[in-house]
Structure formats: C-alpha cells, structure tokens
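Paired with chain B in one complex and with chain C in the other, chain A is shared by the two complexes that follow.
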Partner chain A sequence: MSNLIEQDWEKDLIHTFDLNSDFSIKTVTLFDQTVKVYYLSSLVDLTSTLVTWDQVISATGEDNHSLARDLLPLEFTVDGSYQEVADSLVKGKLIAKDPKSGKALVLDADMWPLNRSISASENENPLQSSIDGFTEKLDTNIGLIRRRISNKELVIESYILGTNSHREIALIYMKNASNPKVVQSVKDRLNRNKHKDVIHVNGLLQVLEQPKYSLVPTYLTSELPGEAVQNLLDGKVVILMDLFPNAYSFPAIVKDLWSFKLDLNYPYLYLLFFRCIRIAGIAFAIIMPGLYVVLNSVNPELLRIQLAISVAKSREGVPYPSFVEVMLMLLLMEMVIEATIRLPKNIGPTITMVGGIILGQAIVQARLVSNLLIIILAATTISNFTMAGYLNTIGIRIFKYVVLVLSSIYGILGLQVAMIWLFIYFAALKTFSVPYLSLSTKGKSPDD
Partner chain B sequence: MKRRIIPRLLLAFCLPCLLSGCWDIKDINKRYLPVVMGICDGKTETYHVTLQVPTVTGTTQILEQEAKSISKALDLIRTKSEKHVDLLHLRLILISEKMAEKGIDDIIDYAIRADDISIKGMVAIVTGDFQKALHHQVGPTPEVSSYDYFSEEAGWTPNVSLVRLWEAYKVSRSYTQDTAIPLVEAGTDTLYEFRGSAIMRNSKMVGTLTPDETLINNIFSEKYTGGTIETAEDASILIKKATVRHRIKWGDSGPQLNSKLHLDIEVSENKQGLSNQEITEEIKTSIEKRGANIIDKLHTLKADVLGIGQLFKPKMTVAQLKEWKERWYPKLQSKIEVEINIRNNIYLKDKLRENNLRM
Partner chain C sequence: MTKPMVVMLFIQLHLTAMLSIFTVRILEVTSLAHWEAILLDCVLEMLLVWVYLKGLSRFPGKNMIEIISETTGTWLVRLILLPFAVFLFFHLTLLNRYQIFKINVVLLQDTPLWAITLIYMALPLYAACKGFSVILRISAALFIFYIPFVLFSLFISAHNFDFHNIFPIWDPKMTFLAQPTYYSSLISFSGFLFLGMLSLDKPFKPSRLMLVMIILAFFYLSTVYVPLLIFSEEVAITFQYPNVLASDTIDLEWVVFDWLPTFSVVSSTGLGILEAATTLWTATTLIKKLFLPINEVWIASGLTLAMFLLSMLVRNSSDLNHFLLMNSIPGIYSMLVLPLAVALSGLWKRRASA
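Let's turn to the complex of A and B:
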C-alpha cells in the first residue's frame, strides 16, 4: 500500500518543517479512506475545512471514490514537485496524500481569520467623504475599489512576485483613462523582475525599477479607496500589495504635491482655495529657514531699517551664528516629529509638552536662539504639513536644508539658485515616461 | 581606481565654490546699522563725519571721527567701534550749510562710489547748529525718526523737497539742471524745523527757497502726494493733484516757456463765503505771482532748479547746452498760467448755498 510507504516528498517536507511547532501531520477519514494531511495549524482551521469538504462531497454523491477527482471542485490537485508543495504549505494550503498514488494533493483549506475588518483609515483623516480604509487583505481592497468603479473599463491584473517568499499584488488601471505606455512599462517591469522577493514597499519599487534616490516620491500612497479611485480615473496606475493597507498610485506628478483627490468633494472655489494655501505652504516650508539666515547674516540690507532693528534686538545676546542657530532648532524639530510619529498614544503628549516648552519658551529665555527664529520654525513646520500626502512632505523637509546651506553661503543669490535647482530637478524627473512637471496623467502625454 | 578619482575631483571643484561664498558674513546683531550720516567741517581736518546708529534699546548711539577724507573717517570709526559698521541701511546724509556752500560734489561722489551706500538715500542740508541737529534727544522712537522725517511713507509732506542721492548725482553732472536740497534746522518740539530748500548751482549752495516757494518747486516737478494747505486771503484750499504742461519755443531773443499748471483743489476753509469763482481767481493770482517771483530769483542766481533746461535740450546744440546756465537761462522768458479746478467745496449744491447767503 502506497499509503503506508513514506514518499520522498513527505520525507523532505517533514525534514524541512520538523522544527516548526505549528507544522501538523494528521490522519483524517475522507469517504471511508484514511488520508494523511500536512498543514500549518497556525494558518489552517482543519475542523472547519473538513466540514466544508463533507458538504461538497456529499453533494456530488458518488460511490467509487477517487480522492483526487472528488476534491477537484474544491481546489486543484498537484502532482507537483516538492518545492511547489512546500510553497503551498507556507501559503496556508493543506497537503493531502493521495491514498492510491501516494502523490501530494494541494488543497484549499479554510484559514483562520487573520484579517481585520474594514474600518476607518488610521492614518488619514478624510473630511467630507467616505471614511472606510484599505485593509491588509488584497481581495478586500480590490473589492473596495471595484465597488466604487462599476465600469467595464476597469482592469485588475494579478501578479505573484518573488522566488523564496511569494507576494501577491494587483495591478489596477482604467483602460480608457490611463496612458497605455505607462501601463505597458509597468507590466514589462513586473514581468521582468518577477523573481525578486518583495517584502516591503522598497522591494516593490525595485521591481518597478524606480530610482533609488529621489527627492520627491515617484508614487502616491493612500489608505483611502476614494483617493485610489480618483487616481485611477485620473489615469494613474494603482498597485495594491497583499498585506499592505495602502494603494500605490504611479506615476506621481508635481500637481500631487498640492492636490488631494478628495478635494473634489468640495465646491470648486473651496478646492482652489485649499490648493492655493497648500502651494503657499510649500513655498513657505522651503524658503523660510533659508530666508531667515539670508536676512540675518548675509543680506540684512533687504530688511527695512525698522525691521532690521527689531530683528537685531531679538538676536541680541545669541551666541551662535544664525546658520548654527537655525540648524539646531530645525534638527530639534525634526526629532520631535520623528519621536511623536510612532509613540504610543499615551506617551505622545509628553513629548509634545516637553517639546513645546523647549521650543516655545525656554530656549529663547536661555538666549540660545532668537524669538524670531521660533516664529520661523513654527511657520516652517506648519506650512510643511499643509502639503498633500505625508510622503511628499518629507522631500520638502529634506530640501529645505539644501536651501538653508546654499543661502548661508551665497545669501539671497544662493536662495534663488536653490529654488532654480529644485525646478531643474523636477523638470528632469520622469516616471514611466511621464514628466514630473506635467499637470495631468490622463491619456497620452503631449510630448509623445 | 578611476571610479574613485571622479568623486575626488568633484569634491575638489566644490571647495573653491565654498571658498567664494559669504564666509566673512556678520550677523545682524553684530553690526551697527547707521541710518544717518552727518558731514561737516572738521576742527582740524577736512571732514567731521558723524554716524547716528539706532540701538536695540531704542536710543541712538553717535559715532564721530575727523579725517582728511570721508572714507578715512569711516575707517577710523570702524577701527574704534566694537561692532562692524555697515552702511547698507544709510538713508539720510546731512550736510552742514558751510560745507554745502563750498560744494557737495565730493560727498555725493563718495556716496555714489561707496558700494555699501544705497543710492536711494536722501540728502539734506542743515542750517544753524549742525551738532545740535545730529545729537538730538527728541522723539519717542529716536532711532529712525530723522529718516522718517523725509520718508514718503512717514513724515514727508509736499512742502518738503526731497532729493535722493542718485538725483543729486545726476544733477551735479548736468548742464541743464540744478537742484533744491531740503534745508532743515534743529527743532525744538520736533526733530527738525523745515527752512525751505537750498538752491544748488553746480553743487554749490547759492541761495534759499522759502517753504512756500519749495511748494511751487514741488508742484513744478509734479512731486505730489496731495494734501497741501495753501492760504489765499480768506480761504484755504487743499491741492489734490497738480499737472504741468510746458510749451517751449526758441525765438530770436532766446528760449521762451509757457507753462500751464493745472491744479485740482478742494476748499477746506472759506471764512467769507466766497464763491468758487472768487476763490479760483484768488488762488490763481497768488500762485502765478509766486511762480514769477521764484523764476526771477532763480534767474538772478543762474540756478535752473526747476529743470527748465531739460525741456529745451532737444532744441539746443551742444555748444548752447554747455552755456545754458550762464547765457541762455537768464534770458529765458517764461510765463506761468494757472488753471484751477475746484473738485469739492463742501457744498453739494452751489446754487442752494448762494440762496442761503442771500437770505
């Protein structure tokens, strides 16, 4: 009886997974046949699986059972290699041994519910729009998008990436809105780099051959299906990754620095107002610290005399040059931001309070920095976060240091050069053949 | 090996860029920012330079030095001062009357040459006690009030003439133009008393214009921000807008000028209840008379403060241009005609008012 003889694949399987406490080998009875099954008990709910099978199989109601044939409607049977069997096992499949042939059957099993249900998005606060956010389950996420676009032009393609660990991703686009060139080049890259393991977003970016160093992100992330859907309608390509509650929309363009897609839920005038504020915010965030140094040490002649005197008054007794002063405070601010981001909600306020005391009053009273700098710092930080999308703010946060350094070396000229540099950089950026400085991703780009 | 060379070369190229930057900058609180520079005759040397520096505490610090040249004096001030003396914010240059009579060419020339002095700065001449005018202790915000006095955004009124450095420089090089530099004196209740304008001829002070005459001068050069009270005998008016049109002719006897002054006015006081026409007549005669007076005065001084020579420039040969001030300007026959337009006499209905008067 082949049932009793241990096959090669079984030996290998047991050898590989022996150390795992959740690796289970059980013998169950199916249609009066004793079947040996292998599964990971942390993923597979065996009892519920057997109940399901019983229902299916009793519905077929045949005698002369062949396990392989009977279980066909449930999933697939693989007469595969050991490698395939092992891969299926870690994905949460159940491996049964065909009592007749002794071959491995890979069966779909009921899994423990390891997903959270759809809830309000955690990290984005939508105003005046639906609040449900993506979850970690890919199918749910696709469903969320499907439900919002009932349009036959919507295409959802599935890819499985990786050799050692598999990651399912979905490529979503609108056939009528997206730029075919972009879609094609995303597809090409996904196919070309299929073998690469994707554990995190960085891996995905490598698969998509995105530049490693880029000041502004070449993609947009959002937890809100509403955003992703609007991105799709705007002609972007959305990639969903299993186990990531975010939609990644490619390619990002300069407009995304200031436009939230959910702005469209407001009257047009309000939308314009919001966007103008955000554009002003970007300018403030980039220029302010540099301008402070320029006006304070390099080109004070740009100030009116009255202002110059009050600025000088606020700096009286400050021991450092203004560049050091600004650097110090900006770094401190970055640290406060970094510290508060991941802290538990009940420790966060402590940091905020302590930071507030230091940045607000104490450091001025100790004459370490000037009053004016605190205002500059606050304005910079606030304006920085008016921008659309958390990822976008980081690039600008970094770039303000470039502006700061150039301004402190070359004064107002340096400030200008830094700004020009930023625009030249933007002009040179191209993601999937879409120039960064384009204002729309819909259809073909004009230079095609 | 090659890969390493490139970044090193790049780094090496970056270093000169850094070196050429502003590494010698001084923070704003480490600089003195003088607003006013006073220049008068020194006791032992040629120049006595005084700098008024507003301090952060709201008082004024005075830095003084005598030397053979202005730049040497500044250099000596820099040497003795504990902060860097930065002339970037210099807004006003005060020159003593005595100095102005000798000529201000060298001062203007220095100020234009010095690349840290803004050419938008203003020039004024101080009559009377020069030191008192500089070492003043008047005003709630003494730090910048001397500058505010001349600032068009602050205390300037159309009675005060206003000359910027570049204008003074331009005029000092011109065949056909002279300028009137404001003349002030140390005041008692305010910082300065306005004493009219100094008539400069070839950068030397040759006479003065009274404040009233300065007003006409300002109207002529259309420097008007409105709101001047001009007293006729029984009424006072506000000049809202002044426009001048010149008609020139070069006849056999020399240049002829017809100027038409159009004034938009507002009646602010009317003691006798004069009619519009009467007021118009009164103002017209008064201004025409004053204008003629000024022109006479300037003719005798051979100083073309009103810039009439500029108008004749296209009609003159180079030779004539050169002798404009000496020969042709005194020969100028000019006529001023004033047109008055009363925009507002407070009464909405003129006829109604006349009826009221009769009653």
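Let's turn to the complex of A and C:
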C-alpha cells in the first residue's frame, strides 16, 4: 500500500524540518482511514482542525468516503513538487498524505490565535474620530478599510512577494480618484520585483524602487484606518503589508507635512487654524537654530540694539562660539528624544526628569550655554513635533543641521540659501511621477 | 508645466532685473521725467513680446531653436543664436557678480567674495541640472515666499515720500534717447526671452501676458520713483544701491529687525538665484541643441566653472558697469533678433504652405 511507502516529498520534508521541535508528524484517523499528517504545531491547532473537518464531512452525509474528494473544498493536491509542500507547511497549512495515491494534500487548518484583536491604535492619538487601529492581520486590515468605503470603485489587489520567505501585501486604490499612471507604475514595480524578499518596510520600498536616501519620506504611514481611507479618497495608493499594523500611502506630497487627514472631522475654520499652526511649526523648526547663530555671531547688526544687547548679555561667559553651543544642545536634545522614544513607560520619566534638569537649569547656571538658547531649543523641539506624521518630523529634524551649518558660515544669506536648497530639493523630488510640490494627488497631474 | 507657473516665473525674472541695475541706469540717463524712459522701455518690450509670441504660436510644441533652424538651416541658426549664447553667459556672470557685490557690501563684509560666489552659483547649477519643470516649481514656491518681502521692502518707505521730487514731469526733447547707457537699461527687460525655449503645446495668448506686463510696468516705475521721491534726483543719483537705501530711511518699531535693507537684499538675491537658474538652463539647452550635444550636467557644470573663474576677474563695480555696458550689445541684438527671426519664420511657413 502506498500509505506505508515513504514518498520522495516526505523524505525531503522530514530532512528539511527535522531540526525543528515544532515539526510534528502524526497519524490520525479520518473517516475510518489512517492518514499521516505533517504540520507545525506552533501554528496549527490539530484538535480543533479535526473537529472542524468532522463537522464538514458529516454535513455532506455521504457514506462512500474518499479523502481527496471529501476534503475538496479545503485542499489542493500537489503532484510531487516538494517546494510547494514546504512553502505551505511554513505558512501554517496541514499536509496530509493521500492514503491511496501517496500524493501530498495541502489542507487549510485551524491556526492558533496568533493575532491581536482590533484595539485602539497604540502610537497615534486620534481626537474626535474613531479610535480603532490596524492590527497585524492583513485580512482584518482590509476589512477595516472595506467597511469604511462601501463603494464599488474601491479596488483591492493581492500580491505575494519574495522567494525564500513569502509576504502577502494588498494594493488598494480608488478607481475613480487615483492617478492611473501612479497605479500602473506601482503595479509594474510590484510585478518586476516580485522575487525580492520583503521582511521590513525598507524591503517594500526597494520593491517599489523608492530612493534610498530621501530627506522626506515618499510615503505616509498611519495606524488609523480613517487616515488611510482619506488618503485613498484623495487619490493615493495604499499598500497594506501582512504583519504590519500600518497603512503605507503613496505618493506623499508637500501638503502632507502639515495636513493630518482626520482634521476633516473638525469644522473648516478649526482645520485651517490647525494647519496654519503646523506650517508655522515647520518654519520654526527649520529656521530657529540657524537664526540664533546668524543673529548671535554673523549678522548681529540685524537686530534692534536693545535686543542685540540682551542677546549678547545672555551669552556672557559662554566659552565657545554659538555654533558649537547650538550644536551641543541640539545633539543632547536628539539623544533625549532617542532615549525616551522606546523606553518602557516606567523608566521614561527618569530620562525626562534628568534631561529637564540638565537642559533647563544646570547647564545655564554653569554658564555652558545661554538662557536664550534653551528657549530656542524648546521652541524648536516643540514646533518640530507639531508636524503631521512622525516620519515627516525626522526629515525636518535632520535638515535643521544643514540650515545651522550654512547659517554659521554665511549668516542670513546662508539661511536663505538653505531654504532655497530645500525648495529645489522638494521641486525635484518625484514619487511615481507625482511631483512632491503638488497640492493634490487626485486624478492626472497637470505637470509634465 | 502650467501657464500660471510660467507667468510667475516671468514676473519674478522681471522683478529681479528691476531690483538690480535698472534703477541706477534710469537715474543716470535722465534728470527729468524718468517715466518717459521707463514706459518707452516697457512699450518696447510689450511690442517685442507680442511679436515673439505671435511667431511662437504658429509652431506649437516647438522651441525657438527648432523654429529658426527649420527656415534657415543648422549653420545659419548657429550664427544667429551665437550672440544670444554669449549674452546669456555674460549676463549670468555679471548679474551674479552684481548680487555678490551687494551681498558683500550689505550683509557679509568679512566673508571672501569667492566663498559667496561659490554658494551663490551652486544653487542655480543644482536647479538647472534638474530641468526646467523643476525651476518652474521652485518659482511657484518662491513666488509665495518672496513677493511679500519684495513688496514690503519696496513700499515700506512710502511714509517718507516727498511728492515735490516728482517734478519736472515732462521732457519734450527726450534727451535720454541720445545716451548709450539708456539702451543698456533695456537689458532689464530681457526676461521674456526664455519663453521661446519652452516648446509649449498650447502657446501663450499675447493679450494675457500684456496684462501682466502692465502690472510689471507699475513696478518698474516704482523701483525708480521710490528712491527718487525719497531722496530727490540729485541725491539718488549718487547711490550705488538706491532701493536698498530707500528701505533704510524708515524705522519700524514693530519689526524686531533693525536693519530693514536686509529684507530688500535677501529678497532680491533670492530672486537672483531663480533668474540665474533660468538663464543657466536656457544657456545649457541652447549650447546642447546647437553646439555641443552632450549631457546637460556637464555643460551646466562647465559653464558654472567658467563663470566662477570669470567673475573673479571683475574686481570692482566700475569694472562691472563697464562690462554690463558691453554686454548690452549682444543683449539688445538678442532681444530684437530673436522675436523677429521667430516671427519671420512664422510668416515664411505660412507663405510656403499657402
């Protein structure tokens, strides 16, 4: 009987997975037949699976059982190809050996609940809107979007990327709102780079052929379905990746630096107010440190005399040039941000307190930096975080050093040159043929 | 590439030109009725733009080089456009030098000129290498940021106007026409020449641009009359940067900055970078299409390097004025010949097809 003879695929399977403690081989009785099954016990709940199958089979109510036929809705037969069997196994399928033919049957099995249920988003605080966030399960995430857009124009396409490890992603767009050129070029790139393994977001960006070094992100991330939905309606293309509780919206444009999509849940005047505050925040975050150096050491004559004197007085006794002073404090501030961001919630306050004491009080009293700089530093940091989207804040955080260096060399001209450089950089930046300096991603872009 | 963006660039190129040498030139050529000289320039430009656009509108999707070479052949078009290339090259060098002198005098007295030149030329090179649509987008962004500054620094001193200085208002003889310097003021109106390089599918209607130019004429008048009304003609003529000084005559309590000319210099040099980028792009495209078909980045880098070295040779502002005067010859040639050549090509095409 073929049941007793070990097939080639079985030998290969055992050989490959022998070292894994969760690789299980069991013999179970299904419909009076003894069947050998292979599965990963860390993923598959065998008991529950067998119960489910029993229910399915008894529902059909036939006497003349054939395993392959009875389980037809659940399985597909693999003819000898070992690679497919192994791939299915690691994805959490159950491999049964057909007692008659000896072929491998790949069966859907009940998996251990390895997913978190839908809960409030962890890293974004939505005000005045629904609070549920994406989870790690792709289907749940798609469902969250589908429920919010009951529109037949919504298209959801599925892709499986990678050769060694497979990663399922979903490409979502609105047929009537998105720019067809963008959708086509996203699809082209996904198809062209299908073979690349995608483990993290960087892998996805490589598949989509995004620039490796870019000051501002070419995409938006959000944990909130509401945000992703609004991006879809604005004509962006959203990519969901299995096991990532984020929606990635392409392409990002300059407007996304200050517009948080959930602002739309507010009256229009308030929305305008918020956005103006954020634009001012961006300007402050970029200019302030540079302007401090300009007014302190390169072009002090620009200030009114009273102000110039009080600025100079506050720096009395500080032993190094203002550029070094600013650089020192900015670096310290970056370290505080970096240190607090991932610390457990019960250690975080310690850093905040120590940082607060050092940055706020001690360093001024020791005459290592000026009073005014502390104010500038606080203003810069606070204004930096007024921007929409955490990723966006990082680019601006980096760019302020460019402004700082140019300002300390060329004074007010350097400040202006740095700003124009930023404009040129933005003007030259294009994501999927959409210029970064456009104000809408809807439909066809008027450019080029 | 949208038309409002092109118009924004058009406006900004003219603003740059009028905020640089224009005021001094006009004040030099006549001591009375300056408006006659300014408006004559404006009308002349309107005429040329009209001819230019009419000519271009017969060739949708083509740029000026292709249009002229279609009728004349490759060698003749090279000959016709050679002075234009020369003009662009020196125009760029000299205007950059002008801006750098201004920055040196007003903002950065201690910084060596070569260092300022280096940073001031790096940006136009970067922008020009990225192509014209990028320059257009920058111009749209800068338009929003700089126009308030320009208006602020231009009209801030309105408080100090003495309207008696406007007289004498009439000069029946138009004596300025006899001065060669007057013709060099025409160079400040050369900002329309880039329109021929755009290869627009739907050409501009001249009438729309005329409206823009009427507004610009008002600005041309203001750049001359603001210092004139404040200082009077006898004093204003002695200044090297009358507009900068005009904004220094006022003290505003509510502005934290004491030195208001900073706004004037910062805004005019910022626009200068945009003009330099456009001119460099035009020169690069011209050279690539006519003389040296290699990668634009190489041409633009080569031009920038040459300009950097050449501008080091211009040591002071009297040298600069001398060279500017010399460069106005190819400048006026380009302003007259380009529109005419394009228009004549249009006529020739119509006759040939008829």
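FYI, the second predicted complex is superposed on the first by the 445 of 448 C-alpha atoms of A that agree within 3 Å, B and C clash if a C-alpha of one lies under 4 Å from a C-alpha of the other, contacts with A are read in each partner's own complex, and residues count from 1 in each chain.
We adopt the following convention: contacts are C-beta pairs under 8 Å (C-beta built on N, C-alpha and C of every residue); 3 or more make two chains touch, one makes a residue touch a chain.
Since this is a predicted model, take the numbers as computed values, not measurements.
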Touched partner set for A:L437, first chain B, second chain C, both or neither: second
Which of chain B and chain C A:D8 touches, first, second, both or neither: neither
Which of chain B and chain C A:E122 touches, first, second, both or neither: neither
Chain B versus chain C as contact partner of A:Y410, first or second or both or neither: both
Greater chain A contact set [chain C / chain B]: C
Contacts of A:E301 with chain B and chain C, given as first, second, both or neither: both
Touching partner for A:R315 - first (chain B), second (chain C), both, neither: first
Shared chain A contacts, counted only where both chain B and chain C touch the same residue: 298, 301, 305, 308, 409-411, 414
Chain C contact footprint on chain A (complex, rising order): 298-299, 301-305, 307-308, 406, 409-414, 416-417, 419-421, 423-424, 426-428, 435, 437, 446-448
Residue ranges of chain A in contact with chain B within the complex: 295-298, 300-301, 305-306, 308-309, 311-313, 315-318, 321-322, 408-411, 414
Of all residues in chain B, those that touch chain A in their complex: 18, 21-23, 25-29, 31, 33, 35, 54, 56, 86, 88-89, 91, 118, 143-144, 147
Residue ranges of chain C touching chain A (in the complex, touch as defined): 1-2, 103, 107-108, 111, 115-116, 119-120, 123, 126-127, 130, 133-135, 137-138, 140-142, 145, 256-259, 262, 266, 269-270, 273
